Every structure is written in C-alpha cells, then in structure tokens.
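Can you read through this structure? Questions will come right after.
Should a chain be cited, it is by its letter among A, B and C, assigned in written order, with residues numbered from 1 in that chain.
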Amino acid sequence: MPADRSAAALRDPAWMRGLLIATALAFLALFLLLPLVAVFAEALRRGVAAYWAALVEEDAVAAIKLTLIVAVFSVPANLVFGVAASWCVAKFDFRGKNLLITLIDLPFSVSPVISGLIYVLLFGLNGLMGPFLKAQGIQIIFAVPGLVLATIFVTFPFVARELIPLMQEQGSEEEEAALVLGASGWQTFWRVTLPNIKWGLLYGVLLCNARAMGEFGAVSVVSGHIRGYTNTMPLHVEILYNEYNFVAAFAVASVLAMLALVTLVAKTVLEWRFGAELAATRHK
Amino acid sequence: MSFRRRLSLLAAGLTLAWLGVAAADAQDNLLNVSYDPTRELYVDFNKSFAKKWQAETGHTLTVKQSHGGSGKQARSVIDGLDADVVTLALGYDVDAIADAGLLAKNWQSRLPNNSAPYTSTIVFLVRKGNPKAIKDWNDLVKPGVSVITPNPKTSGGARWNYLAAWAYALEKNGNDEAKAKEFVGQLFKNVPVLDSGARGSTVTFTQRELGDVLLAWENEAFLSLQEFGADKFEIVVPSLSILAEPSVAVVDSVVDRKGTRKVAEAYLQFLYTREGQEIAAKNYYRPRLPELATQYADRFANVKLVTIDQTFGGWRPTQEKHFADGGVFDQIYQKGR
Amino acid sequence: MVAASSSDTAFPRAGGAVTSILKKPSVIPGFGLTLGFTLTYLGLIVLLPLAALVVKAGGLGWFGFWNAVFTPRVWAAFQVSFGLSLVGAAINAVFGFVVAWVLVRYSFPGKRLVDALVDLPFALPTAVAGIALSALYAPNGWVGKPLNELFGFKVAFTPIGIAIALTFVGLPFVVRTVQPILQDLPPEEEEAAVSLGATRGQTFWRVVFPAVLPALVTGFALSFARGVGEYGSVIFIAGNMPGLTEILPLLIVIKLEQYDYAGAAAVGTAMLLVSFVMLLILNILQHWMRSRHAR
C-alpha cells in the first residue's frame, strides 16, 4: 500500500494528476474495457435466455468441466515448482543463476504454436516416445494428459516469477533467526517464510489459474478437437464461432472473462481486508 | 503435506485421467475427423446412421466429431488422433495419412466415385443487388473489386478457389500457363485479407463487411444465405468452376486396433445410400446419385466443372507446383510486392 | 542511499559475492532439495520438449536449416513479428508505467476495479481477444468505423492492428512488474531529495525513475517476448498478407500445413534462440542494474 504522502513538495500538481489519471484510464478503456464490453454485448445480443441456454448446453458443460480438470492438475504442479524455484533462487547465490531465471522465463516467449508442437514431437505417433507409448496403450496427446502438460508449460513461470522478486526483497534474516533458535528447515518454511510470501503466492496462483483456463494456442495443437471430449472452453469458443453461433461463442467467452474478473476481485478483496498485514509483510 | 505426497497424488490423478480416456476409447463408438464446413452435415448424418445401426445390430452408437482445417486434422491423425474415419476437404490430405502408413495407399479406389460420396464446387457470394456487377472470374481481376478468399497455404477450400481461377484462365487463354499465372496473380492483388480458414473468410465478408465478393464452397455460400439472411447476399455462379471432391476413408490401423472396422465401413457406405445422399443434398452438397441429382437440380446450378485429375494431373503434382514453399503461389506474392 | 530500509541493506549481502558456488550453506537448508526439484521439473516440462524441437530441426542439417530459415519470406515475417512486438512493448512501457504510477500514487473512484482489469489479457483466451479486437477495429466496428470515416485510417488487417493486439496481450507484464517496485519505494528517498532542494522533476528522474527502471525493463522484455510468439489474438486482426502482415507463428503453421515438421521446427528453433538470448541479456542487465542501485 502506498505510504501517506503529506509533504506538499512530494505531491504532483493537480493538473498533472488529472492528466495522468485521464491518460491511464483512456488507455485502459481503449485497450481493455472496450474488448471486454464487446464480449458481453455480443453474448447478450439475443437476450439473457439465449445466453443461459448457450451455457447449459451439453458440450459447453463438458468444456467447462474439462477446463476445470486441466486447471486442477496444472496449477498445483506449478505452485510447488514456483515455491521450490524461488526458494533456491532467492535464498542462495550460485553460478548460472541468471541462466536459470532466463530458462524459467522462457515459456513466456515460446509461441503457443510451438508449445503445442513440442509435445506432438515428443508424444506423437511419429515422435520420440510416441510408438512406445502407443504400444503400451497410453494416450498422452489428444487426451487429458496432453492438455495438462501443454497448460503446465504455458503457465510455468507465473508463480515463480511472482515469488522470486518478493523473496529476494525480503531477504533471509528471519529464516536465519528461526534456524539459529533451533527450528527445523520445514518448520522455518511453514512458520516463517510461507506467512511472509502468502499474498504473493496467492496472486501468482490466481494469475496462473486464469492463464491455465484461458490458454488457446498450445492446447489447440494437442487437443484433437473432439467435441464434448477434448475441447476446453477456449477451444469450444472457437468451434461455436466457426459455426456462426456468435452469441454462444461470446457467452462461453464471457464465462472465462467473468472467471478472470472474479478471481481478480477476490484478490482485491483479500488485499483490502488484510491490507495492513500485507503492507507489513511487504515492508519488513 | 509433503512435496512427495503431493507429487504422488498428482501422479495418481494423471494416471486416473488417462485410464479414463483409455476406457472411453474402448467403448464401441466412432470418431469421425472432418474439416470445417461439414459440421451441419454430420450432425444430421450421424443421427440417421446411429438409428439405422441400432435397428440392424441392436448396438447403440456414439459418433464423436472433430472439426478443423483439413490439413491440421490430417496432421492430428498422423500424430496419433484415433480417427476411425476421416472425411476431409481434399484427397491430398488423405494421401498424407496414407504416406504415414496409417491406411492403404489404394484408399481412393476402395469406395465408389473416387471415395468422394458428395461433391461441391466454388461459387461467388456477392452483396445484395450485386453492386459491382460480378458475373464471372474475369470480373474479379478488375481494379477496384475487392475479393475475399482464405489463404491457400492454410485452407483446403482456398486451394480449390485458386485452382478454379487457374482453370478458367487456362481455358480462356488456350492453356497458356504464363497467362494463367498472371491472371491469378492479378486476382490475388485484389485480395485485402487472407484468413487462415474458410469460415474466417466468411466472417470477414459477412460480419466485418469487407470485400465485394467472397470465393466460397457452394455449400458454405448457401449456409451463409441461411445464417446471415438471403436479403443481404446473393450467389453468383461463374461460367466455369472446379469439381471439388471431398474425400472419405477408413483409417485401417485405427479400426483394426480398436476392432471397429465393421461399423466404420458401414458408416462410410451409408453416405452412398439414398438416405445418406439425401442428407448431403439437404446440406447443399451435390449428391452423386443421379435420381437425387435430378430431384435437387434447381438447387445446384448447371455449371461447367473441370476436375483436378484431368486439368491438373492429380493432387500431388498440383500441391508440389502451386502450394509448396517457393511454388507458384509464393512467386505471385514475391513478385507483386 | 542514506535511509534505505532493512530489505535494501539485506540485499547486497545476499547478492554481493559470487565467488563461491554457495553463499551461506551452513544456515539456510534446502538448497539441494529445491534446486534439484527445480532443475528436474524444468528439465522435464521445458527443456526436454524444447530439445525435441531442436532435434527435429537438427534433422535438416546446417544447410537445410539455413535454407528453411533464411528465405525472404521468413525474413519479412521476422521483421513483422519482432518489429511490431517492439512497438507494442514500447507502447506498453510508456502507458503501462503511467497506469502503474496512477494506481500506486493517486486515489480515484473505481481504482480497485481498474487495478483488477489490468490482468484481463492473461485471463481472456487469446482467440476471444482477437475476435473482440477485430470486431472493434474492423472498418465497420465501434472504433474502426469512426476512424475510417473521419480520417480514412484503417486499423484492422494492417500492421497497426497487429500492434494493437500485441499491446493488449503484453500490457499486464509492464504494469505488474512496475507496480510492486513503485509501491515499495521508500518515501524517505524522495523526501530527502526534496529537502536537499530538488524539484519534483529532478526527484522523479534522479530518484524514482532509476529505482523503477530495472522493473520497467523486465516488463518491457516480457511484453516483447510474449508478443513475438503470439498467435491466437493476432491471426484474426492481421490480414495475414505475405511479407506485409504475416507473422512468424503463422509461417510455422503454414509449414505444418505442408507436413513440413522439420521446417516448422527450424523456424521455431530460430525464434527460440533469439528470444532466449534476448531474455538472458535482459536478465543479466537487470541483475547488474539492481546491484548498482542497491549500492
């Protein structure tokens, strides 16, 4: 939370504040709010009844379920990884640390087309491990495991990226104190570190989850697009759109947008309720 | 909770998830991997076939459907998507699956009519009243006419568009290849947007209101009238077009492994029956059965159709010459800009 | 830095000496466990699959790789993808900074809602974003129509459309990296500057901006890297004209469409190399700026 700045010399003049706020709001309105409004406007064009009908339709429900299943597997996996990675990056100094951080960032910059393709090259029938897996009757791509793997790849850096700067900034003094006083490593982590990073962690998880549910490009490559079976919500949106069923397409899309908004509002509410505590951990 | 416990939970969950998928695959059902414009067709067709199959064998049948760009769909099958049957936009894509060894190389001769139970062709969709007076292919190269077509590199339908234009130019210029290339080059100079798929182009034309004419599958053009209003658009049939033969085939390696050969073959054969042909005709595909062709004659304009085999010598050389990297289509774009 | 908070003094101690492999092996446990787990997971999820890509591209040999990647078409797409990502990231760096500044320093009604809205591009499926943006900016859209009719200015299906889509997908990266740093900036530094007679402008450029710069660079880099690979949202608004509005990921899709897996892998590998080198340079640069600032 921003500290209270009462000194007049530290304040921007009113005209500048107004100008900057106006600029920021105009920019956000143009780039974020308008597309969002467009999604809801299209979704509700034929009224609430049509909107609702599109959401309770069988394939839409299947897509929503599948999306949740994928998120349930991929988000915790990246949560554990993010905590482990930020622990070793923030608490220790070692050679190749910049390289490690760069590798963690890498999935951000890999094109979604490629993130799907690599799993096809690995697990596809002509891939490195495909023939072996086929012989065992194990299906990875064009089934749930492939969707989970591609989603994990795409959302890989989110938790780690959120935690690393936070833990670097907090330093290791409290952990050192706990250890000197005789706490075990795990105790230190659960009692000292976790309470300090919980907001950053929560935030990272929320972003990771939002992205996991919304990913389109990578899962599109490994899905197989079997209606009602391997279509996640973003893929179902594309299908409906291609069927010229614009209302239903945008209705499902609006659920994803709402999901995003709900998680973000939840985050905001938590921050607001525990704002003081949060500020305290931030400035420790 | 330890990391290890969480990890083992995760592993158990993943295993369960793919066991579940494997179990679903073991059931007696079909997966039809198809291209984009056949959605409506196979919704109707699957219902009728399931009914017939149940009457004949007492088995309930679920047909799972997958739709997407034809090439992408073929690639998924090559990479291990368990399709019992493929119903794709062009024979070239089924050939690619055969090349990967998943079905017999002679697939095209295993079913009647080149394994294409229904056909279509390429027509023009123009705005109501035809304000630019577009009648035939040579109107498309005029300055100021804006043409919408998907990208032939990514869309099967767009390859038919391109080849139809090429065939027209050959016919008008006494089979002069250089003239044909120039004609098609000029046509693509009038294209402002190359969407990646046929349905994307239709949306660009009908919803974004871009362009004066859309080159489309005949069935897609009819569907557009139905979806977006016959009061907004009309169909123009050119003097010459191409016979588009969407190919169907049973994927041998998959049906033999899953034990679904019988139902898969019956499924494709049903496409050739009177009932199957009628469903195709109702969905604006040209039926092969002569009696139905007569019955629906008023729906399908009588137009001179060239074929890919006669005019172009089949799909393989055509793909190589026109659409491969550095092929004629690429040359058109390198020269022009 | 006179009145630095404890976190600032703690930092150089943790990050100063890089002479030994481990800094404090005796006090904090779990290095082996966490690094081991991190490397294993990283290896399985990221490196192994990416290696499959490189192996596939390697199947072409050097000559084949060269031929697949260094064609005028690929070069043009490189310029489109990297150039417009740069434009998008630059727009985001400027406006993202303003947004972060406004969100941290000022209060106005609806601020929390605006704050929440910033993450929307992470959550909205890229294809939906693409469809929504192309509907808005098409010549008959809410925004595209007035622009087109009043100024004859076309956005959708031109390079500008691509830049807009890339701005959309990259925005949260800048805001979310700059925001926490601005928040944590100790007010004492600015107060000290002002008490020493600095003007508001001087305080900003000499005190605030250098502190935020590493984060801004990170945000810019992430936004840029994300833009280079973006496919779903761009494809609807780009127009996809070869050499003009054709992006690199589309070229990969086109190669796949011709069943040219190795060629697709080659272009993918080239993209990957460029992105990796860029991210590495920026991470090292940022590390350097951070330790300089902390001093």
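Rule of thumb we're sticking to: a contact is a pair of C-beta atoms (placed from the backbone, for glycine too) under 8 Å apart; a residue touches a chain by one contact, two chains touch by 3 or more.
All values reported here derive from a predicted model rather than from experimental measurement.
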Farthest-lying chain, centroid of Cα atoms versus that of chain A: B
For the pairs A-C and A-B, output the one whose chains share more C-beta pairs in contact. A-C
Taking the mean of the C-alpha atoms as each chain's centre, how many Å separate chain B from chain C? 38
I'd like the Å distance between the centres of chain A and chain C, where a centre is the mean of that chain's Cα atoms. 15
So, in whole Å, the Cα centroid of chain A is separated from that of chain B by 36
Residue numbers in chain C touching 2 or more other chains? 37, 135, 253, 256
Which residues belonging to chain B are in contact with no fewer than two other chains? 3, 78, 207
Among the residues of chain A, which ones contact at least 2 other chains? 80, 84, 126-127, 241
In their complex, what parts of chain B are in touch with chain C? 3, 69, 71-72, 75, 78, 96, 151, 153-154, 192-196, 200, 207-210, 319, 323-326, 330, 333-334, 337
Chain C residues touching chain B in their complex are 37, 71-73, 134-135, 138-141, 156-157, 235-236, 239-244, 250, 253-260, 263
Note which residues of chain B are touching chain A in the complex, please. 3, 6-7, 10, 13-14, 17-18, 20-22, 24-25, 31, 36, 39-40, 64-68, 73, 76, 78-82, 100, 197, 199, 202-203, 207, 223, 227-228
Chain B partner contacts - residues on chain A that touch it in the complex: 69, 72-73, 76-77, 80, 84, 120, 123-127, 130, 134, 137-145, 148, 224-229, 239, 241-244, 246
Counting only contacts in the complex, chain A reaches chain C at residues 1-3, 5, 7, 9-10, 12-13, 17, 20-21, 23-25, 27-28, 30-36, 38-39, 42, 80-81, 84-85, 87-88, 90-95, 98-114, 117-119, 121-122, 126-128, 149, 152-153, 156, 165-166, 168-173, 175-176, 179-180, 185, 188-189, 207, 210-211, 213-217, 220, 233-234, 237-238, 241, 249-250, 253, 256-257, 259-261, 263-265, 267-268, 272, 282-284
